Amino acid sequence: MAGRKYVIEAIGTFFLVFTVGATAYIGTPLAPLAVGSILMVMVYAGGHISGGHYNPAVTLAALVRRRIDLGDAIGYWVAQLVAGVVAALVVRVVIPAHATPRPLSGRALGAVFVVELLFTFALCFVVLNVATSRDNPNNSFYGLAVGFTLMVAAITIGGLSGAAINPAVTLAAVVLGIFAWSTIWVYLLAQVVAGVLAGFAFRALNPDDK
Amino acid sequence: MAGRKYVIEAIGTFFLVFTVGATAYIGTPLAPLAVGSILMVMVYAGGHISGGHYNPAVTLAALVRRRIDLGDAIGYWVAQLVAGVVAALVVRVVIPAHATPRPLSGRALGAVFVVELLFTFALCFVVLNVATSRDNPNNSFYGLAVGFTLMVAAITIGGLSGAAINPAVTLAAVVLGIFAWSTIWVYLLAQVVAGVLAGFAFRALNPDDK
Amino acid sequence: MAGRKYVIEAIGTFFLVFTVGATAYIGTPLAPLAVGSILMVMVYAGGHISGGHYNPAVTLAALVRRRIDLGDAIGYWVAQLVAGVVAALVVRVVIPAHATPRPLSGRALGAVFVVELLFTFALCFVVLNVATSRDNPNNSFYGLAVGFTLMVAAITIGGLSGAAINPAVTLAAVVLGIFAWSTIWVYLLAQVVAGVLAGFAFRALNPDDK
Amino acid sequence: MAGRKYVIEAIGTFFLVFTVGATAYIGTPLAPLAVGSILMVMVYAGGHISGGHYNPAVTLAALVRRRIDLGDAIGYWVAQLVAGVVAALVVRVVIPAHATPRPLSGRALGAVFVVELLFTFALCFVVLNVATSRDNPNNSFYGLAVGFTLMVAAITIGGLSGAAINPAVTLAAVVLGIFAWSTIWVYLLAQVVAGVLAGFAFRALNPDDK
């Protein structure tokens, strides 16, 4: 089936964003476990077809690392962003809650930029090493490593930036009323820079692994 | 031993339902971890004999995906449903608690249908990909992926529908007084539809993997 | 080194019991995660030398399943019980706390027997299938499955019986003042019966796997 | 790239210490999960390049076990300690919080020594067995075992000693104001002794595995 990669990316991103949005609306204390684990299980379920990105920053890092070509990357980005918005709309229909985006002043915005950059880098760095390195063939830990990196972010920087570390989640969070339109450029800039940096860092640290 | 597959399905479903019922009666905050993990460990323990379904919706998805024939599926369903009811009765004997099913009105019932459909689909979709795909031979992550999908559901939609996503758990929850007889058709319908959809989705997305 | 198996059993059981005792004295809400995880990591660390039992009931199940001979089993039992008592004494020195054993009346003692029997059986059943079955060679999930079975027990039946499911833990819990001398026969009886049952269940369900 | 091992050690230790420091400043109840998981994911991400120590005590144990030579060990130590201090400084910039080191009297200092010794030993013992034993080739569990050992320590002895079990974390905790300069010799002494002991214990228990 042509395009099945994009369908998998859409399915995985849908469930990732649904879980992020629903747990944010409900406000359950184990939310970081749910968010990290849904990414883990979707990476395991769809990795054999699409690589299991579910995150435009990861796709960007894979593009820089030359594991995906630009045409496919664009398809992934569209699938991820559309699926994220759809998931956000389903959350709004299913869960009767409301969110008001926190206003972020200067210092807090700076902190958002730093922590989103750090953990988006960590996520992309982990993905490239566990899922694309020739040193780790046929391992069974790639989904665990990727998903639990997001879980760490959700616990550690959830209170600072919301721990989006994913442009599809960032866009969906605006639809959900969790982030404000006026501040998402900080998130997206940090995430894009981090994805590019992670791609070049992998290439510099693994010069023989093309 | 003839029928050992059914015995394994009965043992695994018994422990799954016992854990669901006991943690629901006791009301412990780490219940989702217990529920997801008991499914994980039973999948690892019994998977080599029965495939480790412990869920009639998963068996239905495996039937649609043609990994089990109808005769075996019926045996699995009987074993799962009977073991679930037995586990519920043991919980009632061992734990001196009572539950009163919440009344569910129209909008809430609609939400139950949507979230049970979504996460039963996710569970079956994960099972088919990690445990039956020819692309993932001899992996060590299948139990982790399956069990933690249930854990995500328990955290994310536990407060909306109870996160049964399993007809054997649904029936046992009625015996436990957690669900009402009058509403379980919504659960069962969503779970059956989701199992069938997951089976066809796998076939569409993996056309060469018969 | 002769006897290195027993040293590994002593080290692993020491850390298991230390973790159980320290978290019980401190009363931390994540205790089940610590207890299950210390078993997991010690199974992974010592499994290649001793099989990673750290539990006389598991050793008994392995004896019934004929994976260990009686001489070795006795050595394991001594190492496990002594190490457990030593760990309990270290906990008492390091942590300035006190515990008073709950009195258990008739109905509660019956519940203790049932739930200790069920989860000791589950633990031994999981160990035999994931770590000794010829169907699961060279897997990477055996420690995860074994450790998380204990975690499930700690969450699910911790409030009913303390979730010892291990004679070495049971004995140490008396030293720690958590269990009473007058009631531990119920624990030990349930655990011994469960170990024997799990051994015979494995043999009945895997008749060709000697 | 020459020195890429040291870069990996610096990256991994940076994220480990950032997570430890940020969760300590914020005071989130799931902190142990974040701390254990960031170690796990960084071990998986960087293990193929540097072995994934991120801890001078682990490097010391690997030196005693003869898996790393003294020159490399010194490079690892410098990278780990510098990265830890840098991470602590970033935490101080990003998170507007303050910490006051608890005063530790005689008995409490003795308990710190015992528990830091025990769990640094456990961590090094687990690393050597899961990541350097010839009996465990090509396994997928090494990061899970290593990371979750730290998680157990964070839950079990976090309230007693802070569960540093790592000289780089200990030094960073002073920079963060969590530990006092006057007491860190107790931590460092316990950690160094534990690393040496774990190295010799591995050699004694695995005499044929040079």
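Going by the order they are written in, the chains are A, B, C and D; count residues from 1 in each one.
FYI, a residue touches a chain if its C-beta (ideal position, glycine included) is under 8 Å from a C-beta of that chain, and two chains touch if they have at least 3 such contacts.
Chain labels with UniProt names: A, B, C, D = Glycerol uptake facilitator protein.
All values derive from a computational prediction rather than experimental measurement.
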Fitted rotation between subunit B and its twin subunit C in degrees, CA, nearest 5: 90
Copy pair subunit A, subunit B: interface residue numbering same or different (half cut): different
Distance between the centres, which are taken as Cα means, of subunit D and subunit A, whole angstrom: 28
Between subunit A and subunit C, centroid-to-centroid distance (C-alpha), Å: 39
Sequence positions of subunit D contacting 2 or more other chains: 29-30, 33, 140-141, 144
Subunit C residues touching subunit D - in the complex, by the definition given at the top: 1, 4, 7-8, 11, 15, 18-19, 22-23, 26, 28-31, 33-34, 37-38, 40-42, 44-46, 48-49, 90, 93-96, 140-141, 143-144
Residue ranges of subunit B touching subunit A (in the complex, touch as defined): 29-30, 32-33, 36, 107, 111, 114-115, 118, 122, 125-126, 129-130, 133, 135-136, 139-142, 144-146, 148-149, 151-152, 155-157, 159-160, 204-207
